[in-house]
Structures are given as C-alpha cells and as structure tokens.
C-alpha cells in the first residue's frame, strides 16, 4: 500500500510490521516522532509490545539488551548525544552478540549543540561492533528496517539503520508499506538460541582474560565480515518478495564507464544522482556510489565497483577531527591494500544540517577533476568564505 | 563460548581448596554433663533424641549407661547439672527431670531393654549384692549375653535404694520396675542368700567364672570419740531400714539426728512423718556452699534435701559437735554440744575440734546417729578384689562418692573389667574428661530461657505420710528442658556452617546425617568454626603451611 | 551442573574466586538459593561478577546475565518486559554491589522502580569499591579508611556520611524495601521470601562484610555483620510504600566500638583525640538509627536474639531445586 508518510511514521510502521515485543527509548530530536508513533500504536492496540520509556538512552539501550537476551525482539532509536550516551551499552550489545535493531536519526554531536543532520553520531560508533546501514530515502528506511531484523537475527549481530534527521525523519514522501502477512512470512518470530532460560541456565556476559579476550574479539570481527554475505542475500531475498531493492552493501549509479565517481552516504545520494545525470548530460563521464553499509566495510565490493574509475571523491557528513574524512580514509586503505593507485579526494560537508545543494555537489565533482595525487586529509565543502578568510588554516 | 556463553557450574573445574592454610574438621567434643555424670550418661545425645520427639530412642540412649533413670531422676545429686555449661548462660538444664520423665515413660509405655541377639559366651558371672552397683554390673553383662546370678541377703533387691531411701523421695514401685526390667534380661536373682553364711565365698567363686562384689555399706560408722550408744540411741541406717520395710515405729516428741549427709536428712524427715514434734539435725559442718574452698567443712547433704527438710520443720544446728549424751540414769535427757573450730585434720580424717566454753545442751528423747556407714566384709575374705583372678568389687563398699549414680557407674566399669578379663583383653576406662568447655561454645546463638521447675507437695500435707514430695515435669516442660540443651561439642544440625560457607564447600547430608566438608573447594576461611554454636568444628593447620 | 548438595540449588556454587571469607559470596549464595532456580539474574559489574565468571567458567547455576556496571536495573527491566505475558513463572532478580546501587547504578535503579518493573533488586553492600582496590563509595561509612579516603594528618577517613539508600528507594512509592544481614539468616530468608511473594519493584539491601577491604579476619565476617546490626549502625527494617512495617529490635545493644575495633578500616579512630571525636560521632549515628526506627522499643517479637538463635535441625532451608533438569 502506497501512502504519503512522514519518514518517522514510515519507520514506525516498518517497526510495527516487524512485531518487536519490547520498545525502549528516550526522547531526543530528531528521533522523537518515531517513538511517539510507536507509542500511539501500542496505546491503540495496533502493536502488541511493551513500550519502556526509560530515564536515559543508556537505559534504553540496556532495556533492549535485556529484552533480546531474554528472547524478545526489541527496538530502540536515538541520535547524537543520546547515541553517545548509549555508547558503552552499544559496544556491550555487540560483544554479547545480541540481535538488537535500532534506528539512528542522524544528528550532529555537540558542542556546539546542534539538532540538525550529519553522520558524526553513528560514524563515531563505527567501531562498536554493529552493522551500520545508511539509507537514502524513507522507502529505503522502511525496507532496511525489515531487512535489519532478518540480518541481525541470522548473524546474532546488532544492526543500526541510520537515516538522516529531518531530511528523512521529518519529510513526507510516498512510501510503499508491505502487508503484515508478507512481513510475517518473510521475518519469522525471533528464536534466539542463547535466550536466558531457567531450564538451561547459562551464563551470559562473564569475564575474560588476556588469554582469551583476543579470540572473542577476533570472532566478533569475523562475524561482521561474514555478515556482508547475509546483507547481500537478504537484500536479494527482499527484492524477490517485495519487488524493491536499494542495493545491498553499495549501490552504484551510472558507474559503467565512469571515470570519476562520487561516493556518499544517506539522503544526499538523491541530489548526487541528479547531479550525475546533469553532468552526464554535459558529457562528463561521472558516476556515483552509495555506501549503504559502513560496517562491515565493503572493501572488496568497492574495489570491484571502482575498477574503471580514474579518480574518486568521497563526500561525507562527519569528520574524524585531526584526521579527516572517515570513509575516505577507509577507502584509501582498501584501494591501497588491493594494490590500486586510485586518487581519493576527501570532502567533508553538510555538517550540522547545512544543505548540500546541487551546486555544492557539482563543485565536489569539479574539484575531483584535478590531475595528480589527491591531497591527504579532507577538503571542506561550502565553508563560509568570510570565516575562511578570517581564520585561514587555523 | 565465542558468544560469551558459559556453562552453569563450570567453575567447579577450578579447585579453590589449594588456597587453604587451615582446614575445618567436624569432631564431637565430650560435654561436661556427660563427663560430670559418674555413670557416664550421654546426656547430650538423649536430650537431642528427645528434642526430635524420639522418646523411646532417648530412653535407650540413656539406659546404655544407666538402667535406673526413674531412680536417678529422683534421687541423684545430678553432678551433670553442676557441670552444665548452660549454667553460665542462664541456668543449668534440668537434666534430672528429663531423666525421671524418661524412666517413668518407659514404665508407662512398657519399654523393655533389648535382649542380646546371641549369648556372648556361656561364661557365668556371680554378683554379690543387688544394690545399684551389682544390678548395674549385671545389666551391662546381661545385655551383651553373659549369664549372671546376683546374690543378696535381703528379701528384696535394690540394696540402699530399697532399704535406705524413703518413699517420699523414691517410691518403691519406681525402683522395682527398673530392677525387674534388668532381671527381664535373664539375670538370676538369689535373695535371702548371705555370702559368707548361707553360701561360702569360696563356693561362690568356684561356681562362677568371675565375681563382682558390691555389698554396699551396711554397717553404721560411728566416730569412736563420742560415746553415742545405749538406750534411746538408734542407728540411722537401721532406722531407715525399718521404715523402708514398711514399719511405722512411734517416736517420742524430741528427736536429735547426728550427721551431715543425706541419710541424716532422710532420718529427720522420716521422724517428722512418724510424729516427732521437734526434729533437730546436729552437724559439725556448715551448709553446702557456705565454706568456699573448704568442701570438707560443708554438709554432704543436697541443698534441695536440706531445704525440703527445713520446710517440713526440721531444725538444723550447724557447726556443733557432740561432746556426750546427757542421761539421768539410763534415761536420755539430750546432747551436750559445743561449737566446732574445724572438722577434719590435716590428713583428712574426721577429727572435730571443739571450742571449750561453748558447750550447750540440746534436749532429746531419742538420738539417731547417721554419721556414716561402712562395708561388712565378714566371711568374704576370698572376695577381696583381685582382678587378675577374676574377682572384682565396686560400689559403696570400695569407697567413692557413695551415691547411687556412682555405684551405677562403678558397676558398669566392673562389667567392662569382667568382660575384659573373660575375653583376655585390657579393660577400657569408661570415664571421659570433658572437652566441650564453655569457651568452645558461641553462646550468642542461644536465647535465655528459664529453667523449668517441678512442684513440691504441700509441706503440711506431705508430712502426714510418705507420699512423693517432688513431682515430675509435664512432658511439654520436659521437651522444653531438652530443647534448652546447648548440645555442647556435638553437631545439632543448626545449618550455620552450611548457610555461611561462602564457597559451597559444606554439603548437607540430610537429617541426622549432618554435613561434610568438600575440601576440593574449602578455602579455609574458618567462618564455619567461628559460627558453630556448639564448638563442634575445629580448625587444623594444613601441613606445609 | 553441580548437584553435590541435595538440599540447596547452589545457585552460586564452588570454584568461584572470591576472597576467603567473602561476605558477598555468602550473601549471594543465600539469596540465590532462597529464590531458587525459577529466576533470571542480571548482575552489575563488580566483585560478584568478577569472581563468579572467569576464564570461560561460571559459578552460576541459574540463568545469569552481565552487561555493564551502571545498567543492571535497566537490563533487568528489558528482561522483565520481554517475559511479560509469556508462559513461564520465572522472576527477575538484579544483583549489584553498593557502587552499582548507591552510585553509578542509581539512575537505572530509579528508572526501574518508577516504571514498576516486577524485579527484585538486591544490593550486596560492602561499603566501597572492593574489586578495584577498596575505593570510597557513596555507601562507605563516615570515618572509614579506604584507598581514596585515607586517614592522614588532615583526615580521619571518609569525611562524608553513608548515603541513606533505603530511604531513597522507599521514596519511589516502593512496594517493598528492606535491609538484611548475612548474620541473621532467618530474617534474610523471611525477607527474600516476602519479596518474592510480592509483585512490582522490590529492593533488598544486604550487608556483606569484606575481609579484604574492611581489614578483618576472614573468619570474622559473620561476627562483624552481626555487630553492625547490634550496634544500630545497620538497622534491619522493612518499608512498604515508604512506611516502616518491620523492625528487628535489638535484644542487646552494643557500643559501636565493639564493631569498629574488629576492623582495620577504623583503626585510626583509636589513636588520638581526633579519632575519639569521630568515634563519638559514629556512636551518635548509631543512636540516631536506634531512635529513628525504635530499635530498642519496637513492639515486635522479632529481635536480634530470636532471629540470631540457632536451633537443632536448623531454621529453614532453601527453595526446592526443581526445574533444574541435568
């Protein structure tokens, strides 16, 4: 059924279709609408779940952890400061290999405090051991949410679906919602083999020592590596059942003969696609690539997809302060490891909700048309000229 | 495991026992009550059984050492209670009441001693004297299957218990029942046979593989110094023997009793019951407890007996020695008394020293002398003890405490000695020193509970006849007294060690089975020992530490 | 599974690595076995977690989950929410030390109570951060020595007071909040059983001596716990919806010195006049507890003499170990 829905509402509907038994959250802009819609569904008897309004995001993540450990499908959502307040628990959920699914309504991290979109929050947690999927549209958010549970439960790994705050969460778009029966058939109830059970009283989350901690972490890393296959097969299965795909690990756009490729994440990909079309109209051999999955990092997929490119630009809405763009650095490493000398220009922009306009994107393409090696670090997109003049290189 | 899932209880693969520097050990200690009991009763054990409601088992445990609970529960001076650790918490457990209750219960319910499964031997032991020592010896021998014949000159068994203790303290039927229970084990009793007269001692010896002589102290012992003989003078034991034979001799108004022991008290109290208006006990010794550090200077009579006598109107003249009888011709006027400086000389002999000038006169129509007794060995020379020849003696006739319970213990030891002799082995010494001292207990685990006391018959009413003065306790009170036992040194399965062990190294084995330490895991913290109320757990250093 | 003992589950069994004489191991073993096998245990980080799970081995024989230090009550909320409406009778129990209760775990605990989760929160209070080396916590009593409240030329140990955790918890419209001590098993048993009969959030604060951190003999753990109660420093009380409904009267009131002298953490108080002043202060704190709860004159048959009495055959055991198949 196709409906015109606010992104938060669409995600809430998707979550409802997945039948979580426990929903735990603490309000933070721009995540609030999602949880408000879910609360209303529970209040109206449309969703048989326990809504646990916690006293912090730290507790919300913990409730989700406990719920899944007890065998229930669980959901939580947060953003920015809230996500960081969850940090300890998010690492813990991943270490315990619990299939928690959450939405990150991506928002900038203070200071200065800023409620608007960028990817600093979730990208800062790239090492937490979660699968991270970044969505381009509300439809993708809906579909990814349903996929996320299937991936999480198959891999016993937590999945974070990252959707841009406001740009998606507060934007009305037509969305196709699957039927409940379809989702039920595609996503069976959670059967968590390690669920806490008095009949088989196991210990979960015990201590480790120097002589076995490394092996635990290696196993976790390998599980994330292997999850790539599951993400791909799940996307394919989803497509065959529901007739839609948004790519799996990556989603290329007009890459076939592209010499210059722009890689980005999230909702800005829509504008990037338009820009590619416009530049193609002008005869530029450009393409784009959406990085849908940041963890596991699809290094091999990227290397393969970029085999024809001469130069690549990465446009990302987060920065590892003091180093530069995060994805750019990872891509450079992947290419280097594959023995490919591909210049990668790193662009950081759109922070704190600043619009990345078609002009900005074109400027990025233009900047990446340069010859010679790409500069180390990052270049900032659309930096205020006055500021640049006042404090050059500060 | 790669997903941080550990198996339940898998830590048991890790043995923490090697952390231990000292190990706890469960070991019974011997409580002071049992050590204080001359018969060696396992008092703690039968109180425990009684607490569990196992009355018959309690009686059987008691009678392993003493076949006379109904008797001793009434007349024993209960040194067990004097030794009882509970006295230092509040008051001693009323052990004698429990003992009496079990004895009476056995009679009421018809408990019988277990007969031996098989005759231990066809050996035949002769016992001379059917008093508590002789009967105790015969009992112990018979329960393991020896043939025993007891000889006694009297017409009924019981010895001093039968002929020396008045009914108001020990009803005859209570005694008789316990004697009969012993005889029911197959013991032969030959009454009216005086060894040395009706049957020669030599003949006796040839009839038996071993002989135990327990003839008691049948003869009065009168201090040579004081001439207290003649008209108007009677011997205490002779007097009591007549009364206990059922005679009710009439007495003059004023009776003086010379003596400081229970016999003197018994004589005085009988005299009151026979109508004497003024009964006075004259003793050179002081009241029990009034001469700290000088036990010889105190009366040997029990304080309760003294108190009951006084309640019945018996007057005590203490620290006074008899100088002479005062007579008008043959007629007895009374006694000339004088105050005593000390009673025993440095060698411990009875040598009262009287103060000149303190003389006083006590009018008396009858004087009854109860100053002591001695054995009558006449005609019994060949029965002088010779363990190597299988001739043993015990009870009052060989000295000692001169209490029934001491005689019972002596008879038990004699039985052991006889058996060892007949089996050709070294005898076992039955007495055991107490090891469960007060300081091994953790007394904060016990609440203060007052001791239960029984009722005495009305002092006026009881002087009209020889009815029993002291009643027993109701069974509820008996159970409560049993529950007051601290169980010194002996596990009472209170679960403290089991609850408190931080390491699951105390395994409970089930009711009556106590616990065991699992030394694979015990870290030796010592909490179990520190918190064991009874002192049953001790810590022992591990070797090599 | 370890089934050596037919009379208790040994929810926390042998092979754990608690120090010799550990009061927390003792307390957790009592509480675990009183609750029995039909429960899910969520544990905060702390000694109890560290010494019971090690090297891929666990001393637990009940379903047990540890996440992080501060979030045990929230994790338990999730477990409880997940079990709601499902078949099965298992209950949820949270275990934490004083740090995980008074300090870092307080917010999650408050949230759990406020939301009315059906879970029993058990705080094993050993009055400092023992696992990390005896640092001061909000539960450390006044004037006690810890590594971060050391006595010195300008210090007599911890300057501040022990937080009144029970009152904080009880202020949440709390169905049941009680204190208990390892030294009084019958009382602890009654409280655990009462707590398990009730629904909703419940709080049990169990005093758990630490021979290492308090610097007393390993064998003295129970004695120390008993004296804490008998001096009035750790009153044994029950509160239902904020009202005091149970008080264990002191059969015998002991001066605080009897308690303090057993422990090295108070040794500095016996050295000079400054220490003596703190001793008087500690006595005043005990006296205030005695007045506040009526520990000497409460009209209750339950007193330290009765609750501390030993009895032939014991005074009750543990929940039956059913549901534990293997």
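Every chain is named by a letter (A, B and C) in the order it is written, and numbering of its residues begins at 1.
Here is the rule we use: a contact is a pair of C-beta atoms (placed from the backbone, for glycine too) under 8 Å apart; a residue touches a chain by one contact, two chains touch by 3 or more.
Every value quoted in this text rests on a predicted model; they were computed, and no experiment measured them.
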item: Of A-B and B-C, whichever chain pair has more C-beta contact pairs; value: B-C
item: Nearest-to-centre chain - CA centroid comparison; value: C
item: Where chain A and chain C are represented by their mean Cα positions, the distance between them in whole Å; value: 44
item: Interchain centroid distance [CA atoms averaged], chain A/chain B, Å; value: 92
item: Computed distance of Cα centres, chain C from chain B, in Å; value: 51
item: Interface hub residues of chain B, defined as touching at least two other chains; value: 6-8
item: For chain A, residues contacting two or more additional chains; value: 96, 201-206, 208
item: Multi-chain contact sites of chain C, meaning residues that touch two or more partners; value: 1, 52-58, 60-62
item: Interfacial residue positions of chain C with respect to chain A in the complex; value: 1, 37-40, 42, 49-50, 52-58, 60-68, 70-71, 74-84, 88, 90, 107-108, 110-111, 114-115, 323-325
item: Contacting residues of chain C [partner chain B, same complex]; value: 1-2, 4-8, 10, 12-18, 20-23, 25-26, 29-30, 52-62, 182, 185, 211, 217-223, 226, 305-306, 308-315, 317
item: Residues of chain A touching chain B in the complex; value: 95-97, 156, 194, 201-206, 208, 215-216, 219
item: In the complex with chain C, residue positions of chain B that touch it; value: 1, 6-16, 19, 48, 51-52, 444-448, 483, 487, 492-496, 498-505, 507-508, 510-511, 518, 520-521, 523-527, 529-531, 533
item: Interface residues, chain A side, partner chain C - complex; value: 21-22, 24, 50, 52-56, 58-72, 74, 88-89, 92, 96, 196-209, 211-212
